[in-house]
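Please read the structure below before turning to the comments.
Chain nomenclature is as follows: A, B, C and D, assigned in order of appearance, with residue numbering initiated at 1 for each chain independently.
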Amino acid sequence: MSTALLQAEGIGRRFGGFTALEDISVSFARGELTSIIGPNGAGKSTFFNILSGTLSPSMGTLRFKGRELNGMPQHRFVHQGISRSYQITNIFPDLSVHENVRVAAQAMRVSYDIWRRRADLVELSERADAALASVGLIGKRGEQAKFLAHGQQRALEIAIALVSEPELLLLDEPTAGMGPEETKEMVALLERLAERRTVLLVEHKMKMVLGLSQRVIVLHHGRLLADGKPEEIRGNPDVRRVYLGQSEGYG
Amino acid sequence: MPGFETTSRRAGLSRRKALLAMSAGAAALAMPRLGRAADDGIRIGFPTPLTGPFAAEARDQVKCAELAVKLVNDKGGIAGRKVELLVRDDKLNAGEAATRTLELIEKDKVHAVVGALSSAVQLAVNEVTRARGVIYVSISQSDTINEVKDFSKYTFHEALNPHMTTAAVARQTLKKGMKVAHLVADYAYGHEMLRGFKRAQASIGAESVGEILHPFGAADYSTFMPRLMSMRPDVLCISNFGRDQANAIKQAVDFGIKQQMKIVVPVILHNQRLAVGPDVFEGVVGGANYYWGLETQNKTAAEFNKEFRAANGGAIPTDYGAYGYSGVGSLLQAMQVAGGTDTDKVIAALEGLQYDLTKGPQHYRKCDHQSVQSVLVLESKKKSAMANDNDLFAIVASDPGAEEMLRSCSELGHAT
Amino acid sequence: MTVQSTGEAPSLSPSQRLFAVLSDHRVLVSLVALALLPWLLPSKALAVNVLIYGVVVMGYNLLFGYTGLLSFGHAAFFGAGAYLTGIAIGRWGLPWFAAVPLAIAASTALAALIGTISTRTRGIYFSMVTLALAQLVYYVALQASSLTGGENGLRGFTVDRINLLGLPINFLDPVNKYYILMAFAALALWVQSRILNSPFGAVIEAIRENEQRARACGYDVERCKLIVFMLSGAISAVGGCMSALHLSIVPLDSLHYQTSGMIVMMVLLGGARSFFGPFIGAATFLILEDVVSLWTPHWQIVVGAIFVVFVLFLPKGIWGTLLDGLPVARAQR
Amino acid sequence: MDLSLIIMQLFSGIALGAVLVITALGLTIVFGMLGVVNFAHGALFMIGAYAGLYLASLTGSFWWGLVLAPVLVGAFGMLIERVLVRRLYGRSIDDPLLLTFGLSYILVEGVRIVFGSDGIPFPTPSQLVGVVDLGVGFFPKYRLFVIALVAVVLLLLWLMLEKTRVGLIVRAGARDPQIMRVLGVDIGKVWLAIFGLGVGLAALGGVLAGPMRSVNPEMGTLVLAEAFVVTVIGGLGSIVGAVVAGLMVGVCISMVALFAPEMATIVMFALMAAVLLVRPQGLFGLKGRA
């Protein structure tokens, strides 16, 4: 297990009397692209929020590169090397596309400097441009983010997450709300990203997940239902019963 | 509830008047902006709280001050120069007052300033005028301004002070061996009133059974009433001002305090009595600088009332209005004596002046420039005893003015 | 508003280029305008007030406009700056040049205290908590009358002469006073401009735009809010110091929540989130109040109505609306 | 200290708290449902007192004023919602606060224009003049009546919330406005009614306070600050919180008045700061909202 990048042991989460997640133990190896799937209310988002520090688990421990993350505030996660995107597009709408990414890059270097000129931090600007180039948005760098097309906004959010050069990239339904054309572009982008880092996806689009992932984790009613290679999941009868059967429409 | 209509109609009437006065003031301000320094009129600045809770008092002050100016101008002005009154709204805010006073001095080049109603405002105006060597006649009742720290040779205090009013009221209401309780607003003016009462009470031989300080500007006094009643005093002295006074008396009456003890205040306010009604104030005794009913026993008062009625459609001047008249009037008399506006000459004239404008002889004491004057003690009338809407009080006594009524010069920190 | 690194520069018309130059030198532009102000307004006292409230509102804008935190208790820092300047000069006998930095430092400490409690809350809660804590400061000042003068206000610290490099200057003269106080304003403008151009300036805008995203980017949002709260309090306190030196009194009302409300009104009138907005808002409000209160003692109804109209129809304020209307300016955004 | 005195103080505190509860309730209900902090709440309290006085003098009976003023002022509140506040839904949460702040200036000045800037006498209804012997001391009848009336209003409000369909909608809506869409409720109408209810409660507070205080255009200023403190302590949007915090603040003030009377105003702000340090969302507030 020493090669595991991120390790979850017995993770559970309760909201009042309601148990959203129970006893999840998985570990993620470096370089893998893993997807988490499950029907609505399966606990995907809760699990994802715990992995990214947005929520703290009620029980269990989380280790990243062997270091325990429990009790660490969310903003520290990025500095450890875990970066995320959100299911609903989450950018800085009134800032320029370039500034969106630049400010994210800045978080890794300076937070509280009130005196230097930010224009003098040329390196940050260059890194932002590099991240924009990698998601294909460099041509839009001067535009206000809120005027981008939906697919472009999603790509921008990935650039924001990417610019911190995370070892683990957590993406929450990156193709949500996209048409087939945009989805195809996004899948291509994801494949490129996965070449160089560990990626964890939450997705609804089954076909896409099975084609893209090296490993698939299925959650159901807050519990781990299955964990394996896409072809194993495809053949798993439990998964078929609770998930695939119902979600023909997503396929 | 008949009080409702009469009050609002009264307010409506005087409002229109005030609007007229305001627009006249606006014209006066806008017009001479260009050639201010060229004309040779005498300009008196008059900051007063036209907006806020004391707007009614302020309007009366403006009317009276304008009357004083008019009477002088009708007789040809001072050494041939016309007098002009520059009214400014201080909004009952010390910062606003200081700004307006700066404008009056720097832009309008006034020769003197008269006015201010609240203690904080008079001190702010005084701070600005004394630094710039401009004469200021205060008509606010607090006497902090007479103490050496705030005093300057430019500072004159026309209004009564708590020491005078509490002494006069105590003389009429307290007797040897009486038990006295105090409800006091916890700020400088409240403390001044308490200090006055306690000194008067000590000299009479009455006994203090307790005092409660209440937060300044409190709306509810019910929490103090049980304790005041448990002190079982013969007299309750309520030392606060304005709305605080109205609220405190109203709630004391609710608790049945008037059945147990007599309520006494240092200053009984004309407008608060109107605001709260005769039933609540019935039997309350307090001091005053002026009451129009004085006309039956004092010739000057009758004369002043006559002039005011003539200028204001038969209305009567109020307590605070009279300050506007005597404050501006005494200053103008001194300017007549000095033959103009030379500051040192006017100061000397004010210091030597004997004047009688509203109620009998007055003069400014040399050391602290406090006006020595008579104090009225009034008792609020029962509703059934009121002859008309203006018949609010019975005059219990009129204490003639004497320097012995004041705190001594050395006590105030002045060299004697 | 944000300074962007020059990438592909689109071709600019001469008027656009002029506008770009002006906003690049916004501190200088502000100072030139302020230097002319006393000669344009009806009185020097009014001009000084524009200067003072301009600085206070500018500090407030750092919090409200740029970070998106609606504080309703900023009078506390304006008042603290004024009171501490007065107390240091009048009670402790310090010279003005020592009193002012001391007052700013102490006001910043007060901001740290209030900020620590209030930045734990969000949204409307933040507004109400700042309001209530500032009222607490008001009542403390009222009660501590031996130090503050209580309801009577603080006085007895008139500065009538200021020694500038051995040259005694009559500070009672309105023109001298204006330009000396303008030096304070210049300092505040420069500091504000530096903060806005700094990396931290980018962080607070990111927090305003999207707090959750800023946190996910790795920013300690709570700490950033506390820091900007303190900076904002410090700059507003400069306005308080200026007010104390100008009026030579400190009225208790300077701490009242209606003063806070006036600050909010001014920033909304001028335009939040803009560099020039605060001074434009302060000037508009004060001139309006001056003019309308000459027409009618009921000036508050006019002020209230204008405020309602701005919230409903011109939420970007005078300057923001002007920028939207100017194609010249739009290219800059 | 004398035990009977402490009991008397307790009564004073509860009577004081009763008025606080009524005004804070209006503020908190409107916030809970609409997410709007009504900064004109104090001004509407004052309008309530004037309306009560005016209606009482028109009809010759305090009781008509007491009943009609909250209804009419509540209707006026609905007008405010429809004409002004409604335009701001969906905009920044700060906007309604700023709007109502401006509105409060207009209302206060409007009353000054119509009724003058002086106070106006508001006599205690003749049936309630005088004091009652509580055994430990004398207490004004009118204040006992206020305590009783507030208790009745709270009971009615509770019944409405717990037993009626409207109450169900309100409770559900306060938790999650989305639910109301699911229930197929016309949210616009509910919001209108709730805003009216909140304003009506402010007006009721004003009428009740009228005979106890000087009625003047500025009487709402202090009340607004008090209502804010109470709602913050209780938790914004929490009805139970407003009741508990209102009584708590009232009793706290009266007890402090016994030992350190000059601190009576400061104490509620200090209490609030203390509560916030421990629970930033207030005693009964939902955590997500703070």
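Everything that follows uses one rule, which is that contacts are C-beta pairs under 8 Å (C-beta built on N, C-alpha and C of every residue); 3 or more make two chains touch, one makes a residue touch a chain.
As the structure is a prediction and not an experimental result, all values here were calculated from the model.
*Asks:* Between chain B and chain C, which partner chains are common?
*Replies:* Joint contacts, listed by label: D.
*Asks:* Just to be sure I understand the contacts, which chains border both chain B and chain A?
*Replies:* Both chain A and chain B are touched by C, going by the contact rule given at the top.
*Asks:* Kindly work out which chain lies most centrally, taking the average of its C-alpha atoms as its position.
*Replies:* Per-chain C-alpha centroids compared to the overall one single out C.
*Asks:* Return the distance between the CA-based centres of chain B and chain D, expressed in whole Å.
*Replies:* Each chain's C-alpha centroid was found; their separation is 36 Å.
*Asks:* Rounded to a whole Å, what is the gap between the Cα centroids of chain C and chain D?
*Replies:* Each chain reduced to its C-alpha mean, chain C and chain D end up 33 Å apart.
*Asks:* Using Cα averages as centroids, what's the distance between chain A and chain D in whole Å?
*Replies:* Using C-alpha averages as centres, the distance is 47 Å.
*Asks:* Please report how many Å separate the Cα centroid of chain A from that of chain C, as a whole number.
*Replies:* Inter-chain centre distance comes to 41 Å.
*Asks:* Out of chain D, which residues touch more than one other chain, so two or more?
*Replies:* Within chain D, the residues that touch at least two other chains are 112-113, 262-263, 265-266.
*Asks:* Find every residue in chain C that makes contact with two or more other chains and list them.
*Replies:* In chain C, 139, 143, 298, 300 touch at least two other chains.
*Asks:* By the touch definition up top, name every chain pair that qualifies.
*Replies:* Pairs of chains that touch one another: A-C, B-C, B-D, C-D.
*Asks:* Give the list of chain C residues in touch with chain A in this complex.
*Replies:* Residue list for chain C touching chain A: 2-5, 7-8, 194-195, 197-203, 205-206, 209-210, 212-221, 223-224, 227, 231, 333.
*Asks:* Could you please specify the touching residues of chain C with respect to chain D in the complex?
*Replies:* Its residues touching chain D are 70, 117, 120-125, 127-129, 131-133, 135-136, 139-140, 143, 257, 261, 264-265, 268, 298, 300-301, 303-308, 310-312, 315.
*Asks:* For the complex, which residues does chain D have touching chain B?
*Replies:* The touching residues are 2, 5, 8-9, 12-13, 15-16, 53-54, 56-57, 60, 112-121, 123-124, 130-131, 137-140, 142-143, 212-214, 216-219, 222-223, 253-254, 257-258, 261-266.
*Asks:* Mind pulling up the chain D residues that touch chain C in the complex?
*Replies:* 31, 35, 37, 84, 87-88, 91, 93-95, 97-99, 101-106, 108-110, 112-113, 225, 228-229, 231-232, 236, 262-263, 265-266, 269-270, 272-273, 276-277, 280-281, 289-290
*Asks:* Going by the contact rule at the top, pick out the chain B residues touching chain C in the complex.
*Replies:* That would be residues 18-19, 22-23, 25-26, 29-30, 33, 50-51, 55, 89, 93-95, 98-100, 102-103, 106-107, 119-120, 123-124, 127-128, 131-132, 142, 144, 149-150, 186-189, 215-216 of chain B.
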